[in-house]
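Chain lettering (A, B, C, D, E and F) follows the sequence in which the chains are written, and residue indices restart at 1 in each chain.
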Amino acid sequence: MNDNKLTHLDAAGAAHMVDITDKTVTRREAIAVARVIMNGDVMAQLQQAAAKKGDVLATARIAGIMAAKRTSDLIPLCHPLALNKVTVDFELDSVNNEVRILTRCVVEGKTGVEMEALTAASVAALTIYDMCKAVDPAMTITDIGLHEKLGGKRGHWQRESEGSR
Amino acid sequence: MNDNKLTHLDAAGAAHMVDITDKTVTRREAIAVARVIMNGDVMAQLQQAAAKKGDVLATARIAGIMAAKRTSDLIPLCHPLALNKVTVDFELDSVNNEVRILTRCVVEGKTGVEMEALTAASVAALTIYDMCKAVDPAMTITDIGLHEKLGGKRGHWQRESEGSR
Amino acid sequence: MNDNKLTHLDAAGAAHMVDITDKTVTRREAIAVARVIMNGDVMAQLQQAAAKKGDVLATARIAGIMAAKRTSDLIPLCHPLALNKVTVDFELDSVNNEVRILTRCVVEGKTGVEMEALTAASVAALTIYDMCKAVDPAMTITDIGLHEKLGGKRGHWQRESEGSR
Amino acid sequence: MNDNKLTHLDAAGAAHMVDITDKTVTRREAIAVARVIMNGDVMAQLQQAAAKKGDVLATARIAGIMAAKRTSDLIPLCHPLALNKVTVDFELDSVNNEVRILTRCVVEGKTGVEMEALTAASVAALTIYDMCKAVDPAMTITDIGLHEKLGGKRGHWQRESEGSR
Amino acid sequence: MNDNKLTHLDAAGAAHMVDITDKTVTRREAIAVARVIMNGDVMAQLQQAAAKKGDVLATARIAGIMAAKRTSDLIPLCHPLALNKVTVDFELDSVNNEVRILTRCVVEGKTGVEMEALTAASVAALTIYDMCKAVDPAMTITDIGLHEKLGGKRGHWQRESEGSR
Amino acid sequence: MNDNKLTHLDAAGAAHMVDITDKTVTRREAIAVARVIMNGDVMAQLQQAAAKKGDVLATARIAGIMAAKRTSDLIPLCHPLALNKVTVDFELDSVNNEVRILTRCVVEGKTGVEMEALTAASVAALTIYDMCKAVDPAMTITDIGLHEKLGGKRGHWQRESEGSR
């Protein structure tokens, strides 16, 4: 037997925003990650900009934070959430020519903040792409995923192994 | 010598929206791709939903199209563009348990539509994640990238080989 | 004596967003309806699209749900609300050549969700118009109204008789 | 034979934003109408507010104008348009206890402004409902429709007879 | 010793949305002010418009109220807030040829509403500028500031003396 | 005789978005300014943040640029414009304890970009206030005004004397 587990669809297959009235308000946290893969020329530009206080990562960080706040406006069936905290961090890996993005969102609410953390990571990555695309249009954004999740009925969840991604 | 090639930063490293007044209005097109990787259980649910006319992909498609129109509102240094066309297509690959997303944007304007196509692909992928995350929170969104680009000063550009992504 | 009962105006007639601090948080629900009246040709297209899994109603449903979340951004004096649930349902009536729309919104809050349910119904109707207007520009949207309302100080309210509309 | 005339669906029934690249830029105008039907008590309040310079209709007018500018953000498959003009006018009919709304939008572009005029009329009507709903929750919004349309390939179109609505 | 007191920056100087989880929910209120300085010709037009029920101040009031609701969407590190109340008031000073704006926002939440009140005042002032700029482009908006603040850990705060501004 | 010069009001005093169809498309530029006045403690923090590459001004710059793009969504009667360029610059004046903001917007269009430049300046100033308000809630934003304007029917306009502000 193969039941419908897609909770965002009703019995007839129609999309709906599910009722969360009976869920419990708890502190919920989500951590998401993404990577932007580039050629060595872009990485050199990013390092040079960082050294000179250039605004590339600051711009991507603000874009990510603002996007987290707009998640329910972008993802059709997401519930609106009043976020308590958003952070967006970057790590430049000049060996592998990639930028690693880690976002963290916290809310006290009836539903999780995975989508907010993932949206922040995605838009931060897109902003890096935008600012560097003239140097390397073949950059790719990859491995956008949930890293960890706390709170809610299911409690703590963590991605099993980074190697599996 | 290593010149600054990051056109979105001025000489002092400050971010700005670059002046496109002197660029030429041409028809510009961009095609972007993304993949959503899931476990077999999610794929089975997606196929079942598709068979029953469930709204998963229709919802993701609308989310992607609407996000394309909001690109300049999300990506800080993007110019506002009046899009002529947006399409978002999906391919379910039940062998590899992935959904492939292909977006296409067209504009007549002074600047390209890469960011619109990439934003549409990203938000469509996030929407699939949102609708299926209860089944598999470890789904990942990967290989978001520009596939092809037409129009503008540089003319035709195409990603060299899909294998290299 | 004819007192001012328009609570959204102050004593001087100026619009304001009224203070709801002293109201009670309760579960509140609103059900709204609308009808889209069309000619037989549009109805035939809608039925054909439904039979072939075409995206007309799925698109209108998503538009309605997203609009519900944006109500306080559209209606100047509406309070922002974190909706718990939104559904948008359609009924094709091929005898009368009309689509009936029924929306349902739920919140736990200090103010009702009538405007959210009505906005969802209106935007879902406008989206159907948009997708079918090439076939029949004379389609009309009619009888947008509140059908039922639960919760809040006044408790249950229901439209007296559909015939009276 | 019954061909698909729903241009917003592709051959597979998927929604898309159609390509308007090959259409001609012309001046396009659309006039839309709506009616808000209320009881005598609301009408008395509206007249009293108008006499005392109360902000009901001014608020609804601004809401309608701002909504017109946000049409492509609300209606999924609408193209973004840079509107040249928007007006929203009201007529209080105290005999029939209704407010008549007439909106007018102008653009120079490749696609019409029907949806902008209809969205302005709908949101202006919803705003009147919002401001008066405490007096009469049974108010209805009705006969939202296109009244006239100029410009574009099809040229002038006018609703045949007001009586038929 | 000169510690970092800019709470919106982390130890490395990166911007973030600070965690308010541990703060207390209280009723919070903020009152902000602004002045628009104009020449006598604009003031005469404003008075004439007011006498004839013209929509200048009504439009600015609605713009201010709507902007208050959008504050967290405009100011990157502001937390989203569900406002309980917003008012925007104007005083025409025809001796000094200025319009004084006073805004008041109330929330029950974990963080203050200063930014909402200040954003409402700024956008109301910009709207007056917009509507009158054809008569006097040299108008200035000045003395946007917090006037008073209630609630929260620090309790009551009031600007010391209006003369010092 | 004192004619109505407020072009945003019609003969009856109702607000409307004026028709710009007959205006000429030209390159238009606007430069706006604003000042944020603070105490010495805030200025010291800003200088320290700048020395350590802290994100205060980068954040305010991005907020200003994004706000410029959203001007027609905030100011009710502004026409939507596809901006060609936006810059936001800051000057720290540690003698007078103030930050001076200068914004510059360019468009090719039928209407000017004053409101976009003024909105960018206002929101950049509000963002500085937000990030520093914990140190000095009495900071004020002042002298928001148009500095210079090029293009359009009236051609070049420049504020007469900075001293008069």
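One rule holds in what follows: a residue touches a chain if its C-beta (ideal position, glycine included) is under 8 Å from a C-beta of that chain, and two chains touch if they have at least 3 such contacts.
For reference, the UniProt names are A, B, C, D, E, F = Cyclic pyranopterin monophosphate synthase.
Quick caveat, the model's predicted, so the values are computed rather than measured.
Asker: What chains do chain D and chain F have as common neighbours?
Answerer: B, E
Asker: In contact with chain C and with chain E at once: which chains are those? Just list them.
Answerer: Of all the chains present, those in contact with both chain C and chain E are A, D.
Asker: If you tally contacting C-beta pairs, which comes out ahead, C-D or A-E? Let me know.
Answerer: C-D
Asker: Need the most distant chain from chain B, centre defined as the mean of C-alpha atoms.
Answerer: E
Asker: I'd like the Å distance between the centres of chain B and chain D, where a centre is the mean of that chain's Cα atoms.
Answerer: The computed centroid separation for chain B versus chain D comes out at 32 Å.
Asker: Using mean CA coordinates as chain centres, what's the chain B-chain E distance in Å?
Answerer: 37
Asker: Chain E to chain F: how many Å between their CA centres?
Answerer: 15
Asker: Can you tell me which residues of chain D touch two or more of the remaining chains?
Answerer: 14-15, 53, 55, 58-59, 61-63, 66, 70, 76-77, 81-82 - these are the residues of chain D that touch more than one other chain.
Asker: Every touching chain pair, please?
Answerer: Result of the pairwise touch check is A-B, A-C, A-E, A-F, B-C, B-D, B-F, C-D, C-E, D-E, D-F, E-F.
Asker: Which residues of chain E touch chain C in the complex?
Answerer: It is residues 27, 58, 61-62, 65-66, 68-70, 81-89, 106, 108 of chain E that touch chain C.
Asker: Flag every residue of chain F that touches chain D in the complex, lowest number first.
Answerer: 10, 14-21, 72-73, 76-77, 79-82, 109-110
Asker: Mind listing the chain C positions that touch chain B in their complex?
Answerer: 53, 55, 58-59, 61-63, 66
Asker: Can you tell me which positions in chain B touch chain A when the two form their complex?
Answerer: The contact residues of chain B facing chain A are 2, 4-9, 13-15, 41, 44-45, 48-49, 52-56, 58-59, 62-63, 66-67, 70, 74-78, 114-115, 118-119, 122-123, 125-127, 129-135, 137-146, 149, 157, 159-160, 165.
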